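Multiple structures are listed underneath, in structure tokens.
Shared between the two complexes below is chain A, which has chain B as its partner in the first and chain C in the second.
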Partner chain A sequence: MSSDKQKSEMSENQKDSRRAFLRKLGLVGGAASTGAIASGFKYSDSNQGEYVKVMTSDHVMVEVPKTQMQAVKLDTEALQSRGRVGIKGKRWVMVIDLAKCRNARECIKGCQKHHHLHPYQFHINTLVMQDSPKSAPYNMPKPCMHCDNAPCVSVCPVDATFKRQDGIVLIDNERCIGCRFCMAACPYSVRIFNWEEPFHAEMYKEQPMEYDIEANIPQKKGTVSKCVFSADCLREGDLPTCVSSCPNGVFYFGDENEDAVTNGTTKETVVLSELLEKKAGYRLMEELGTKPRVYYLPPKDRVFDTPEKPDNHHS
Partner chain B sequence: MSGEKFRLNKTKLDKIATDVLRPVGFTRGFHNWMAFLTVALVACLYAYYIQFDKGLIVTGMRDMVSWGMYIANFVFFVATALVGMLISGVCGLLGYKWIKPVSRIAEMIAVSFAAVAGLVIVSDMGRPERLLNVFLYGRVQSPILWDVTVVTTYLVISSLLYLLPLIPDLAIARGRDNKMPKWQSMVYELLSFKWTHHPKQYKLLFKSIRILTVLVIPTAFAIHTVTSWLMAVTPRAGWDSTVFGPYFLTGAFVTGMAALVIAVFVIRNSYRLREYLNDDVFDKMGKLLQLVCVVYFYFNLNEFLVPAYKMKGADAIHIHELFVGKHAVMFWFTQLAGLILPIFLLLWKKMRSPINLMVISLFVLVAAWFKRYIIVIPTMEHPFLPVQNLPHEWVVYQPTVIETAVTVGSILMAVMIFSVLAKLFPVIPIWEMAEEHVEDKENETH
Partner chain C sequence: MKNYILLIIGFVISTGVYAQGEWIVPADKKGKLSTVTFSSSMEKLGADIFKNNCVSCHGTPGQNNPIPLMPSPGDPAGSKFSDNTDGELYYKIQEGRVTMPSFKSALSATDTWNVIAYIRSFHKGYKQEVAAKVETNIPEGATLAMDLSYDADAKKVFVKVIANNEGEQIPVAGVDVKIVAKRYFGQLPIGEPKATDGNGIANIDWNDELPGDSIGNVALTASFVDTENYGDLTVAKDLKIAVATNKPALNAERAMWNTVKKAPLWILFSYLGGVITVWFFIIYVALSLKKIFALGKDEVSDEEQVIY
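And then the complex of A and B:
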């Protein structure tokens, strides 16, 4: 009994410390890029308690009387300039273990709720795949691959979709002109378009909100939307919504620079390179040279039954 | 347009000017025609208003087929506009004399279709009010930036190629016609730039036209090559092709020639200009149409049969859909009626008579429009990864009434611009025709 309890306590501690670690880094990154939030910084020293050191938006350290301090709510512009830079020092990476996916579709539901999507809109979609006629079908969650050589980013005429330094490909729906060239260019068909008023259009009207580029909400009619690795959650030190919504331990998420990924269900952190090596990780359509940031582990020794054969709408 | 021994034959000039200037002017028939076009256009603009208000949900496009009829129509417009370059540029520089009576009509097509092409692309945008972003935040690595640049450049050069040779004609008309409404003679006055038919002026004119005809060739090559790259730079099966640039360019010649034949036929009959737009001109246009069809057919062979021989995974699905699948009827119509049959029929001189050539060109032009549909849509219907969890109507593309109306509206607009130009200014270059006759006589006496 005691060993079990110990284990669960340990994993709980691990989870907490990892969260705290991510949160700290996220906040420093945010403060460096905008300077608007001072909460991430500690007081400079104790004998001059009434002054606080903060960094301005042009990266100069200044001291401000503590009494003058005021928390600033970030407006669209500040969120955009912060969101375009990304979280410093990070190279986000996702690993999807196909052996564990039973198409529970919890990742999809969580994602659609988080990003205010219509039920027919998918930032992440689980497909039933079959690689060749005699091989067994398997379930494959398909988020954006956040390619390092992203075809969508190359073709965007207005820099509305872009690659951040932490590896995430975002879309700025305040700038997107709706030409849908990125959708045509994406070989993974992961991008979606707001063909009509967004799902929460009424809510936006009643309670206007600042546009958060890192979550791409509010959604906007006539613009492209896409998986953003829940960049807003990452800034808070949390895992992406799909990763933490999965009941079956399919997703690992983490930082390539740290060579560590955390499982969204078990919160277990493992070494990325070892995981990919041991389980023969691969990337989708490697031959296209897109250099995805999402890795798959082959559906070997599956935990669940194989799904039914897919209907690919090819006829 | 040699320019060296330039002289105008006064008697010829007088007759040509009388014939060509007779149909100029906004007649009652023209008013009726424009009224009809305007009413139809207003209906189409209302369809666009609905789209602007409700979003692109009113079209048949969805996340899988995210480019549809609008993009196909855009490619068609750019293709048709290219006939200006083929006639003035290529044939002009090669020194072909027969193009003189049709060269201005070719430029009119170029101007009206290039001008509307830009609007067609705007109608496809989800956020048309953000068009300025292209100039504010434009990124040079996006083919859309290249497209905007070259389409604008081509429109400017084509407009100049239309307006410059018009200067002496407007001066001639100004000196003769007196029944013109006041505003029209003011336009003539303004655009003839106080032309006095001085040899020095002609020398300058020849030089400018020469420079423009040289410039229009690379520009036109660029505009349609870049248009093909909108598709060819993506990895999708059916677009991922290295011959897409020349394939589009040669296809544009076919489209443009067919449009030119139809325009010349209509003008010849309604303006009673059979003497100038004669059987010989149609014979020559028929031969040129056949030539460009053969060249385009060659690129079609490469584009379809090479992948069909290999049948690589994604290509195989695409080829199957075109040859025997869902799009087979449209595909074989474009290939047979738009390409193979014209090539054979035009071997006979009888088939190059005005009426026969016009009918053939009608088929070629309609097939050319559907060919663009075939290029854009089937590829989008079959992405690399399976399409799942989407409603059926989100997977299969079916153009809606609103989408069709907006497309028809773009064609109406081009026809309107062409009609106004055809009634506002002389459609045949008077002075160039007169010049030709002088030179012919000189040649005979030598």
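And then the complex of A and C:
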């Protein structure tokens, strides 16, 4: 079967893909999972040349004649199995320096573009915070905390949301049944629900795309969506979209195992433990024991004036 | 509502005043000049860098379309930029201020000068001054070479700089070099930059707590601090001198949130126990019913029949 034909058939079946997948699973039974992944690859034109070293999906280094090499385009199932595993030896960590945030909201715009969100949907949001009537307000970007003890993952009845070895909490909208238990469980209110058809629904219809769990696109009506630390960018060695789109140097991102974080604006790399120790890093709602992977540095310099009348949510 | 409008007006005025605060560049930085004459290839390279790093705020030069920030980023083709000396532009790009981020770590000296060359291409009547050559012991026309090594006893990394002048090896003295360690998203500076001594060697303190990969390898790169005068020469080496890092995966432990296979044992046992208990009673009741049903089918002799 040609790949185009396969693709058009897949898009026809996309609505029932979850059921079709379960049915397939029932038929295949205990077939080896590697076989299933291999059959999911699509091939492009091959190149001429000599031998090349490549790493197989089960981490074995092999040599393949270059003439036999074919670039693969991963399909939904391959993307899902890759997305479930995560990146070995990494422990992603984000540091948000509140003293530098000037509410440019570029992180939000970049994120909404990357993850195909409606303008009213937020994987990351900036909140206006005021600690006392006399102190000036500050802005607090709030992504998913990617907790090491994630309450949202505990409550998921269908294993749709899960934590990977590199610490990222992802959601599989092919499995999500839209029960919204995770939204209720999250103490940071970072999850959103797709009440409507996704923002790019027309585009998905015209150009069907494979579901990439690491970016959670295409979005799907009736499922929960959330910040994914741009897991697809991390695989390429790029910083998450919010981190690299900030114009004010608010975000640091890096690997805790390397004890280093890189600023998304200045690309300056600093020692993580030193940064948190010397600049009084803290995490949100530490007392809940959720062990967030997002740290904040205190908003020591306020850039906005104290309002004459404080924001009082209770009045 | 009235208070709110006042607040907005107050905020606009206060930031307006803030915007007028002049950006003062230290006197010694003002006169800084490029060591090379701006060329069309530099402008081209600068245009690429500008597109990636500057357009989002400053807009396209000449079109006067910067984003409305306070203070305004300004159009690089305008007089706000052309009134600066080369040194002032260099300082402002490198250091940043308020909404203008510092590009110290994002752009090298060469990159920064390329951007300035690109900006200057929009300024009519601009005439470039080139910096005078610095005094070194490097003969004209010599090629520089650099090497990296580690001394375990002294806990120092040595960077050796040698000038090769027609087969003659001359150690280069008095040049600042720095080393960086490769991290996943960037380069982590190690220690302070040091100047080379009479043997052309600079020794930089090694932080032996730096985490490396799973076997302790770390990729180090040495380069000149003053790349404008000495060039972009670097030397990169993988050295097995860092701490081997083999932390377990974050989903390795048994936990409530983990998958079925990694659920806490007490949940697995109590759940399985519950399932077994319930099924035991269901099967027990079914078997009892079957027994009763079978008893009802049995023939009963006359003696056994009890009639009340």
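Just so we're on the same page, the second predicted complex is superposed on the first by the 232 of 315 C-alpha atoms of A that agree within 3 Å, B and C clash if a C-alpha of one lies under 4 Å from a C-alpha of the other, contacts with A are read in each partner's own complex, and residues count from 1 in each chain.
Keep in mind that, in the parts below, a residue touches a chain if its C-beta (ideal position, glycine included) is under 8 Å from a C-beta of that chain, and two chains touch if they have at least 3 such contacts.
Everything numeric here is computed off the predicted structure, so don't read it as measured data.
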Which of chain B and chain C A:Asn263 touches, first, second, both or neither: second
Touching partner for A:Ala150 - first (chain B), second (chain C), both, neither: second
Chain B versus chain C as contact partner of A:Tyr120, first or second or both or neither: first
Which superposed partner A:Asp159 touches (first chain B, second chain C, both, neither): both
Which superposed partner A:Gly167 touches (first chain B, second chain C, both, neither): second
Which superposed partner A:Arg82 touches (first chain B, second chain C, both, neither): neither
Overlap of chain C and chain B interfaces on chain A (superposed complexes): 151, 154, 159
Residues of chain A that touch chain C when the two form their complex: 86, 88-91, 102, 104, 106, 148-151, 153-154, 159, 162-167, 237, 239, 247-249, 253-255, 257-263, 265-271, 304-305, 307-309
Residue ranges of chain C in contact with chain A within the complex: 3-4, 6-7, 10-11, 14, 56-57, 99, 101-106, 183-189, 210-211, 213-214, 245-247, 249-252, 255-260
Footprint of chain B on chain A - complex, ascending: 120-122, 125-129, 142, 151, 154-160, 175-181, 183-185, 187-189, 191-197, 221-224, 285, 288, 310-315
Contact footprint of chain A on chain B as seen in their complex: 54-57, 61-64, 66-67, 121, 124-128, 130-131, 133-134, 136-139, 141-145, 148, 230-231, 233-236, 317, 325, 380, 382-391, 394-395
